[in-house]
Amino acid sequence: MLRLSTPGYERFVQAQQFEVNYGGGEANVAVSLANFGMDSCYVTRLPKNDIGDAAENELRRYGVNTEHVLRGGERLGIYFLETGASQRASKVVYDRSHSAIAEVAPGMVNWEKALDGAQWFHITGITPALSASAAQATIEAVAVARKKGVTVSCDLNYRKKLWTREQAEKTMTQVMQNVDVAIANEEDAEMVFGIKAGETDVHAGKLDTAKYQSVAEQLMKKFPTLKKVAVTLRESLSASDNNWSAVLWDGSTFYQSRKYAIRVVDRVGGGDAFGAGLIYSLVSGKAAQDALEFAVAASCLKHTIPGDFNHVSVAEVDALIKEGGSGRVQR
Amino acid sequence: MLRLSTPGYERFVQAQQFEVNYGGGEANVAVSLANFGMDSCYVTRLPKNDIGDAAENELRRYGVNTEHVLRGGERLGIYFLETGASQRASKVVYDRSHSAIAEVAPGMVNWEKALDGAQWFHITGITPALSASAAQATIEAVAVARKKGVTVSCDLNYRKKLWTREQAEKTMTQVMQNVDVAIANEEDAEMVFGIKAGETDVHAGKLDTAKYQSVAEQLMKKFPTLKKVAVTLRESLSASDNNWSAVLWDGSTFYQSRKYAIRVVDRVGGGDAFGAGLIYSLVSGKAAQDALEFAVAASCLKHTIPGDFNHVSVAEVDALIKEGGSGRVQR
Amino acid sequence: MLRLSTPGYERFVQAQQFEVNYGGGEANVAVSLANFGMDSCYVTRLPKNDIGDAAENELRRYGVNTEHVLRGGERLGIYFLETGASQRASKVVYDRSHSAIAEVAPGMVNWEKALDGAQWFHITGITPALSASAAQATIEAVAVARKKGVTVSCDLNYRKKLWTREQAEKTMTQVMQNVDVAIANEEDAEMVFGIKAGETDVHAGKLDTAKYQSVAEQLMKKFPTLKKVAVTLRESLSASDNNWSAVLWDGSTFYQSRKYAIRVVDRVGGGDAFGAGLIYSLVSGKAAQDALEFAVAASCLKHTIPGDFNHVSVAEVDALIKEGGSGRVQR
Amino acid sequence: MLRLSTPGYERFVQAQQFEVNYGGGEANVAVSLANFGMDSCYVTRLPKNDIGDAAENELRRYGVNTEHVLRGGERLGIYFLETGASQRASKVVYDRSHSAIAEVAPGMVNWEKALDGAQWFHITGITPALSASAAQATIEAVAVARKKGVTVSCDLNYRKKLWTREQAEKTMTQVMQNVDVAIANEEDAEMVFGIKAGETDVHAGKLDTAKYQSVAEQLMKKFPTLKKVAVTLRESLSASDNNWSAVLWDGSTFYQSRKYAIRVVDRVGGGDAFGAGLIYSLVSGKAAQDALEFAVAASCLKHTIPGDFNHVSVAEVDALIKEGGSGRVQR
Amino acid sequence: MLRLSTPGYERFVQAQQFEVNYGGGEANVAVSLANFGMDSCYVTRLPKNDIGDAAENELRRYGVNTEHVLRGGERLGIYFLETGASQRASKVVYDRSHSAIAEVAPGMVNWEKALDGAQWFHITGITPALSASAAQATIEAVAVARKKGVTVSCDLNYRKKLWTREQAEKTMTQVMQNVDVAIANEEDAEMVFGIKAGETDVHAGKLDTAKYQSVAEQLMKKFPTLKKVAVTLRESLSASDNNWSAVLWDGSTFYQSRKYAIRVVDRVGGGDAFGAGLIYSLVSGKAAQDALEFAVAASCLKHTIPGDFNHVSVAEVDALIKEGGSGRVQR
Amino acid sequence: MLRLSTPGYERFVQAQQFEVNYGGGEANVAVSLANFGMDSCYVTRLPKNDIGDAAENELRRYGVNTEHVLRGGERLGIYFLETGASQRASKVVYDRSHSAIAEVAPGMVNWEKALDGAQWFHITGITPALSASAAQATIEAVAVARKKGVTVSCDLNYRKKLWTREQAEKTMTQVMQNVDVAIANEEDAEMVFGIKAGETDVHAGKLDTAKYQSVAEQLMKKFPTLKKVAVTLRESLSASDNNWSAVLWDGSTFYQSRKYAIRVVDRVGGGDAFGAGLIYSLVSGKAAQDALEFAVAASCLKHTIPGDFNHVSVAEVDALIKEGGSGRVQR
């Protein structure tokens, strides 16, 4: 997907240039994993034109294997982004209809081949939201992955500008039949499956962490293949200041991470950075609490980097966990 | 007026580029009103050259009617702006002498015609500060407005680099004879008319809101045509962090707004955004407290937008009032 | 030295442009002193090419006398800088080996002539860290300065990427034989001479100021020529927020400065700005407490200015001391 | 339409920023006419989002009346532009499907009202190429214009990436039934109607001007409402150097313009600038040769201005005609 | 003077940034001479504000001595510049009235002191054009220079936007009483003194070089102190392509330079670069033909450099003269 | 290698930003081949830091396999570039000493493994010029390549700022013992081996093509493994305008290419683009004349693209050959 964002804090009506970034949920996870040193392969569909080339190049640049990217379709999906500040929220204008990936359909990707030798398959709730055929292709993909014994993670990622809650529930219920690890933000479970964290108000700038154990339990009960449920908890004090933490439920223990008070540079991709951190940690065999802390620290750092991608190494995440983010210059 | 500002937080001696913005007190109010969907007409005098054209274009761009703009005079007034941060204040170097508007004189503008059909006329204390003839033209304008039954608002806007307190008092006393709604910041009333808010120290980063009722009462007593007095209260913790609120006195009730803790992107034009918010609210028939909250919320948002103009819609202001500025991405 | 920094908060792997600044410890002090209106002369060695010309020009631009700059050697030292934010620290990649100044050797500079008529000579611990010959040249310089009765200040400035603690201790012990005023940050004395401020953890974001009296006392005891020891105390809450203060010990009284909570724009050169503020104050005959406050206020302002140099005037520093950094626009 | 172009001469795969311009055939003509001081009104359909707002603002900025612009539909059409140089041609990637204007349909625009009081109506062959319904809407528009006695001009503007020659011929034949003034470039007539200028090879960098009389005659014969046919003749020596001239046939006389050797800054919109120059001239009552020279000179200047719009005044065009383009600084 | 120019080839109405340069006739000459390694001192009057500081810094940066610069007055003169291309001429909007230097008056500068030890004094016809008092100050300056035995050069530099031909003739006639070397462009002598080069049309893109001998002879006859007259000959084929040469008359021989066909990057300051090249050459004792070739080659190179200043060394000018401008990369 | 270039046509002393590109002879060839759709693998040595990462990423971005890149050594080589215009040549300041690749030594790269399965190995005369050990490593590489039956091409690429003609001759004579295809520019053979093309003066802007047959013959005679010799012929009219063609000698026939008159955007990498075009053509089995035309056309296009890399596809090169570079917009 092509992200076109206004420079500085300009509003759309002021902008004479757009910053060009290529990203999107699964792409962000793929780049982050490659930055962590893992073999990372991204499957999508890009138009056969120069804009599609540029998107593929950007993934290759950061070490992602693009050999299974399909080239075809009409256009690359676009989202316009205006970065908020203080009381003014960031604003997104979607222009994703009729994109190459929105028109993906079951059978287009040879999942048997693409997943050959894979250890983990990650999907988000954004892709099935793009169109009915994309939803079917997503359902197909997770089914093949499961059949092949590949661990499947899914980030619910509800996007109200792409589909209704009813549509989301129907599709995601099917997707979740084959998922091992579920990832959600503080309101996804409620939006998609109506699972509430008690009376929590996500606009209040303060979340009741303990209540998310119940959210995780309910999700796990609803989808028996789930082995782990992770929920990121963003306390949005303003567009400039966020508190960031997460919880993890493995069916028996409820883990809570450290909470980071972040001055936000670019929060887009924060959830994806968390997902990548979690996948890396679990594949690497970290214990649950360590995995959660790694994922939260990794995604904390993402908030300080412009663009969708999380350009941090394992060593940098470890340093944050160990030294606590005092931000002293390294020289 | 042409605003030339250094990029980022560069100081003047470092700058190799200037950002170009066209603005100024009344222009900012006009654009803000147009953004709120009102018919907004701006009257000024611009030189008959390409720089004057660019200034007029910028107003048209945002929907302001410029048919009464006079074209003539020597030059467009300039101010150079260096954006401060933390303990370093923003710095302004004025280069406004001999500007086309500074050389405006009574009789130049056909106010009878310009104000035909107008509902509201807004003026600031900056224009009469530019020159003796501009002061006379301002006095003329408000007199005609009053005669035609147009509601007149005036933002005191004291600028110490443009005139002395004595000059300001003399002229503004005349201007205020025909004003219905006065707007001032936390120190304007003292600077211009010697009306103090008790012992308040505007540099202390904390203002005693209650004391401003007395300021408003004294103003209203001094100028009997006044029906409302609004005072914006900026608690400047640093160039990067301001608290922002306002009060309104309608002769019988003292209204206090919510207070916003703002991370400042660009505070220039904050007062004008308040003025526009107030005018919009009063023209729209909002109740006093609602009008005040709208004006404060609108001007809070201005602080997050680069340039002089407040590019926000009524819906965005309403959302801030309702949702409280948590700055969650809208997508 | 050439500083190449990524724009905005970009990481190195993202950057398509580098911002160009010329600076470095002693150069920063020289420019700051020139900005304070003092006659300031900078001695270094620059390659005889266009990059060396550009470096020399930048110093001249800000009023520094460059007549004693040697031109020769292979290359200009470079450091690549990535500006951190929030939990992500700024990152420096040094590329300084084989630079013209690293290859300076005793006898190359005619210190007798360069220091003729000088009142003060300032050196940092970075220059001797560059190479063995640069270390010898530094030792030579301070010896000549002392012989000529020039007051010598030295900023310990330990750089772990340039030399080991053992190397630093050995060389700096020699340098310090001829120093009148020592400047250090909160960890330099420990890094170079093993002098600890009790149990203070510089990563904890909170420093125990009182403990630095003992650090100063120990330094003064170790180096009997010392008349004053100043220590800057940075509490690094994050890369975006620092507390900044300093202490001064004159052998009998322990002075503590006001503490500033800073939103950081660019913290590189903060220590040099402190050094320049202290030198200016002492040369100007300020009392110890006033000198300390001036130096801290000056360096506080540096943190708000992009680049290495501290572009502030004496009047601006005095205003911060007097008005307290509320950051109100001056217009 | 949103034009996203790479900065400098960067190729798409290199670009990290896109320059933002809003334009398109008829919009370019409208802005040019407004710059000539005429009342100019633009009718199109823009999505009801911030990107649509920005497009409308850009037209208002340059004085175009936008009151008849429809707001609705899914998205704003986009074209990506890479500016060529020397032997490398400029490259366009279209992303215009499903745009608000592509989905315009007969009956959506109230042409009776939009054309009330209009003197001239201009359309290009790009709009009907966008979709079948847009083609019908175009046919509707010219029919209403004719019925109301408004002069109609049509720029054939064949775009091979939007439709086939067969589709173009079928639709444009209908459009041309109600056209008074036809405008074409050196290959449009052949592409759309198979009308050849003898053996001319448009890639050869040299055109046989005289042969275009026959093209004009054939067009006029085929479409009896035509009163004038103008053909622009671009001799493309390279992407950097073009020769530019035009011919005009009024049914009895064949007029040939001066030829300009242009160093190209931005040739997009050159044809539209010609159209606007011709319309202005004819509305102003210029004689045929003068009208042609004005149109060619105006569009020559367009090639020197970045973006789609021709920001030149009547005085500047007249000066070029009179002084011959020596490019001496005016100071 | 502050030059604010639009980036790329943007027109004023498009610009959102201005490039900042500080320059002006005499300043340009001073910088060029410093770049040639000469002691160069610039005398002017700058306002006592940050914009004035920036202007002075820029001169210091390039090695010009600014110790005789007066600081005072209201504002720094500004000119807005739009760089032309091909048939579109560059455009200048002056905003120089009431500038600090325009308000200079006889007696303000201590010329006795400023010229102490000077070998050469250079003035242009722009300074006396700024105001009557500036004209008087110029007349005073050249008189003092002559009295002290300093060689005086004057570049006629007629600016029609600053004064009339009558005003220019009256003042320049007085100035020229004390001038040793006159410099003019192809039309200055006619504009100021009515001395024509026969029938030459400066807009025709081709000049008859031989006719300028008569111009020089007439000038020398009119002003008996003249020892040399140099005339630069610009054949402006377009704003992008100029031919550039010059002639020199020393009272007995007429020297003609090589002619350079230049692709123009920035032609502002071309004449000043010629003046500096001539002064350098004559001070260095070059023979007349060599001096002329050096001056023309130096100023040819200026056309390839953005900004007013000619950043070239003596070695680079010599290389052009010797190798002929083939532009092969030096690596 | 890191290329730091000034923006626009700025000189080094003016630049406040540098454009960042990663390139260098063999890297440029590798990227170009990947752009032509070939499997392309680049072998070099990069430092183990973020700057080295960025360099490797840039190659991956454009599809080059970097698995054999060694990571180690002190620094990445840098060259500073100032782009010339018209009579001002581009200027290069090298800062390449002590770079990771300069310190490469025989045995470091496992050439047996790196060349496994390779069809072609390309080297330039720049790498052995970096240091004595790099020269030995180059000699080692070509020897292994020959032994493994890999075709070897070598671009002589003489750089006078890196070594003397004597050093070059000695080393290159050894390298050339194992080369199949030699590539040189119009002066390389003379510079390195003293083989002259008769009286040709490369500064004269016109080359006598026929004379290069003798150059090729002499080279082939001197180095019996050579099967083909290609020479690029640049006629540098100025830094802005070059004529570009090439010749090829295969031992029996002398082929001459079409000549392109190029308006130069960025000529760095032009020779490498030729090399890549030739390798692609020969690997693809094109006939000699076709191969030469492809290589010349490909490298002609390179001159229009900023940066070192030639971002063109086979289709684009073919189109230039077929359509002749008229530069008509493709839309």
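So that you can tell them apart, the chains are marked A, B, C, D, E and F in the order they are listed, and the count of residues begins at 1 in each.
Assume a contact is a pair of C-beta atoms (placed from the backbone, for glycine too) under 8 Å apart; a residue touches a chain by one contact, two chains touch by 3 or more.
Bear in mind the structure is a predicted one, so any value in this text is a computation, not a measurement.
Chemist: In contact with chain A and with chain F at once: which chains are those? Just list them.
Modeler: C, D
Chemist: Just grab the chain with the largest centre-to-centre distance to chain B, centres being mean Cα coordinates.
Modeler: F
Chemist: Same or different, please, for the chain E to chain F contact, judged on whether over half of the interface numbers appear on both copies.
Modeler: The interface of chain E with chain F is built from mostly unshared positions.
Chemist: Just to confirm, which listed pair, B-C, C-E or A-C, duplicates the contacts seen in A-F for more than half of them?
Modeler: C-E
Chemist: Compute the centre of every chain as the mean of its C-alpha atoms, then state which one is farthest from the centre of chain D.
Modeler: Most remote chain from chain D, centroid-wise, comes out as C.
Chemist: Between chain D and chain F, tell me the centre distance in angstrom, where each centre is the average of that chain's C-alpha atoms.
Modeler: 43
Chemist: Mind pulling the residue numbers of chain C that touch at least two other chains?
Modeler: Counting only residues that touch two or more other chains, chain C contributes 11, 13, 16, 57, 62, 91.
Chemist: All pairs of touching chains, please: list them by chain label.
Modeler: A-B, A-C, A-D, A-F, B-C, B-D, B-E, C-E, C-F, D-E, D-F, E-F
Chemist: Chain F touches which residues of chain E in the complex?
Modeler: That would be residues 62, 260, 262-265, 297, 300-301, 303-307, 311-312, 316, 320, 323-331 of chain E.
Chemist: Residues of chain F touching chain C in their complex?
Modeler: Its residues touching chain C are 4, 11-13, 15-20, 49-51, 53-54, 57, 74-76, 78, 80, 82, 91, 93, 95, 97-98.
Chemist: Contact residues on chain D for chain B in the complex?
Modeler: 57-58, 60-63
Chemist: Which part of chain F faces chain E closely enough to touch in the complex?
Modeler: Residues 8-11, 13-14, 79, 84-92, 94, 159-161, 202-205, 234, 236-241, 267-268.
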